[in-house]
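Here's the structure, in structure tokens; my notes come after.
Chains here go by letter, A, B, C and D, matching the order in which they are written, and residues are numbered from 1 within each.
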């Protein structure tokens, strides 16, 4: 039995060898992509184009613009001379925000009890940078407020300092964006790699008509399944190791928990996704179909992982559904072990869920695949 | 287990796909050490029958026994003793010649020390020396077929199922292949084969003709030829074969009493007839009318192919649900 | 170019898609379905963020504060912790995203105007929710403090207004409450409409795998005819989605569509042409479906997600990534869709992007045709 | 009409990487010929046909077909050719009729003319009752006939068929050849490659290609005549024993088995027939039949290839 499985494993690997693209993608695609995407996205949002229409043209208004620039969030475009310019640029999506400083802004600041007005226009067509811009503008205005108040009242500046609460960020003290993006991206890449690879196992043989030959060879269906699984598992774990290396060494994300636990659970997760992928593979009549199905399933999983949006904020029904998605638990585990240094006890619920799902998915996939093969 | 020397036995085998009956009441036995030819037009149910015997398709009705074992229930226990070459290309096209053979060897549990000589032999057999590391997709059709065959017998199975093993293979290789089959049979292997080459069918010990899922004739090649009684084949040697055959066709179309089944063979014409004397005379007069010189007309033996075609035509052409 | 050859290839390809029910359904439905799913997952408004409280003060003031913090839908009190250890445990287990530690001097400090004895801890692994929690706790704390302080401040002769002298008038155009779904739906269009590109790459590779290519190459059809003929059915499949998606966007997600629909169809066609040409290049180079698939993921899907400015503004990308994003049709199309959906602008303003799409499309198709030899070897 | 040089191949060479697939081939085919291309597997049959169809580039040499220079007007010449690839290469999901129409469009056959020709082709290929069946659901023989019909729709003066009958049952094969014969009689120039030697016998001229070279090119009869030696057919009740007995005799070049019949190749039949009969009788074997037979094409093929191999 062992030798026959080995023969199958070897054959699966040989398929990879024939076409250098596929193994390159399978083995290194994930890591490279992670490197590229991590590099591109794990940075604070900066350089948002902002347009200033300074009708005041005073030292105060110029100071304001400089403080806005100093946040690092904005890149100032050519200043506007009219509302039409702003409208036009905004329509074209050329700017994310515009600040209008009206006549007499400096005057109002200088007068006690004065009401300096500042108009901010955000480009709601890009809500993510718009929010970022809003946050930055508010910060600048708040400190300007403080300055003015202190100035007007002539009070001790420390009075206000005490009213700021102290903020501590755990697990990611430096607020490094890569900390939260890259582990999640790793989790997703791993899922897609395994699903695709697993989905091609049977659909490919069926499309080429070699499945029939495989079935008359003295393999039991279990042997076929194991033989086809091992390469997927090996590739999955190889990818995982490589990607973890990228996350750790290129993006300096720490692994605070036990690395053995992480690998153990990665293995478990690989098995669960493998079961799904193989079921898709047996179900599909062609590679094209298998691929489209993987795509759908992957996207649905993505929805429930909590990567893009917190699951807690979704309707209750969806929250319960999310518990049934392996990737959801995997992402929690991944973040827990790398960033939080979670121990096996801390993430026990996730592990149990993953295990339970693994057993259920594994049982049904196995039964389904065996039935289809016999 | 194999008392009376019967390797394969089927009785009342039926396979239905929806409303369509692909195989209908097929019963036959294949003895140990026999080459059994299973002949029929495309879509007559040959492949379906083979698939049932291999446990790939469950029969709708009937029983199958291979090597004394009930199929499909217990098929897994005898798979190591079976060799199969499917009609479709059964090798992995992106793997090289040697990788394919190694996979077969390992799949059938060949011990490592035997692997090398066996593979070497198989490569020699398929004439692929020097192409060991060529991906099979780059081989010509005939070569791939030969390789698939060598792979199927790599583990020296007791029963060999071959579904059109020599399709597209050149005559030299076909001859080598049949020599090999005879050697294997001499060692006691049983062979169940389908082929479209009627000269190959003559090499079989026993034959069955299948049409529309039913067996219409069974026996040794000689028996079948005698039973068929199709008459004679006249070979006409002429310098203007094209003109003569046109004349024969014209005569047929004009509703002349002479309605001959004639075919062009290069510079010869073959006519199948039950009244050779009378038709020889008719042919001479027809040639004379059209001013064509006939050098000679000789009676030749009908080949098995002629027999086959006559048999099939009697039961009309159709049956085409095979995918 | 012969229209008849083109039409024959198109018809054949359409028949192929239509005959295979499963694939047909998937090709047609995938873009819309994925868009629906993604909108749901990405446009979730953050709320019900679970937090814990550790109240060392245990005064009436702190209880009032706690009441105010958890009054809304934004923050949910998961647990009243008894110790720092408990807070820590909850954070590690991921039960809460933030914790508020109320110091023992919270009420006395506040009443004496000495300051705010308050500490907020957030889970740095999920800054989305963490940042959200900080903002919301901060607002509430500020409001609470102001309220408590108001009396004393008034007593000291300062008007409350003068604490925030600048009148910040914020207006958010096109999407007044900055709801993510309003801009994510049009943005996602450029991703989901890229899916047909995968199909194009796969069908071309399939003709190679199934040797139908040999027969096709023996006919007098030209390369461009063949490539365009393969592409057009999938452009049509894409256009079906272009029609369906705005309707869903308006009816289901309440996303406004302010532009001209006919112009939008035209611009979408240009995009599909450019995007599918990318799939074509892949199909020309990759002779097996699996390789074509792998490459599509690498060069179409992932960059489409991260480099077209849908989730991450292009302006903030590093120089090289910004360059690459210019070569992605999705980048230009994302600007077009947002412009057409929200400000409702038309070709008169968007023409530079339309031209970019045409240039990219021609360049990609040209490349594909250049490398697509009408030879077997 | 006839005897015009319709296809002229001069010094045609094609090299793949390190393998010379076609080695300076010179061949002239007259208009209206039914030319058979035979040769061992991998000899270059498919390469030659693909080259003529414009699917492969030429390393060296020239090809003129129907007045076109192949390397100059590869695309234009494709309209003059009907090419049928070896592997089934129609669209499985399209029906018989749709496949026909598709190729009709590809070859610019006007719709009106397609309408006129299709019924004829369908009945010709005996597919009239199956017009709406998907090609994937046809039997092997029907697929081949459909493929042929597809290449005939534009009535090409040249037909290139690469092993059109491989895997086809004898009934369909014979029908297929009836069609080819009709086309031949209508004057179409046909080049057909085949592994079936009885099919080679049906051609007006046969080219034997081996190791990328045309080694023989003549009428089937003349090729058959090139066998060294003669064949004696012997039928006995026990062919295995008979074979064992005859094998060691002097002057026996080769014995081939045909079911119960043995075909014995000898240098001279007259010299050996008596001796064989005597030997068999002495061993108490009943002779049902013993006579001199003409060599078949297959025997000629094998004998010629062996001769070349020995010369090398």
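The rule is short, and it goes like this: contacts are C-beta pairs under 8 Å (C-beta built on N, C-alpha and C of every residue); 3 or more make two chains touch, one makes a residue touch a chain.
What you are looking at is a predicted structure, and each value in this text was computed from that prediction instead of being measured.
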TODO: Provide the labels of all chains in contact with chain A and in contact with chain D.
DONE: B, C
Task: Centre-of-Cα separation between chain D and chain C, whole angstrom - done: 61
TODO: Please compute the C-alpha centroid of chain A, do the same for chain C, then give the distance between them in whole Å.
DONE: 12
- [ ] Return the residues of chain D touching two or more other chains; collapse runs of consecutive numbers into ranges.
- [x] 87
Task: Junction residues of chain A, two or more chains touched - done: 19
Task: For chain B, residues contacting two or more additional chains - done: 94
- [ ] Considering only which chains touch which, label the overall pattern as line, ring, star, complete or other.
- [x] ring
Task: Pairs of chains, among all present, that meet the touch criterion - done: A-B, A-C, B-D, C-D
Open item on the list: List the residues on chain D that touch chain C in their complex, please.
Closed with: 16, 50, 53-57, 74-76, 78-79, 81, 83-85, 87-91, 93-94, 98, 101-103, 105-108, 134, 147
Task: Interface residues, chain A side, partner chain B - complex - done: 3-4, 6-8, 10-11, 14-15, 18-19, 208-210, 212-213, 215-220
Open item on the list: Which residues of chain A touch chain C once you look at their complex with the stated criterion?
Closed with: 19, 21-22, 25-26, 29, 33, 36-37, 39-41, 43-49, 75, 88, 90-93, 96, 109, 112-131, 134-135, 137-138, 141, 144-145, 148-149, 152-153, 159, 161-173, 175, 177, 179-180, 183, 192, 196, 200, 204, 207, 284-289, 291-293, 295-296, 299-300, 302-304, 306, 308-310, 312-314, 332, 335-336, 339-342, 346-347, 349
- [ ] Please give the residue numbers of chain B that touch chain A in the complex, ascending.
- [x] 51, 54-56, 76, 79-80, 82, 84, 86, 88-95, 99, 102-109, 135
Task: Sites on chain D touched by chain B in the complex - done: 38-42, 46, 86-87, 126, 130, 136-142, 163, 166-174, 177-178, 181, 184-185, 195-198, 201-204, 219-221, 256-261, 298, 301-302, 305
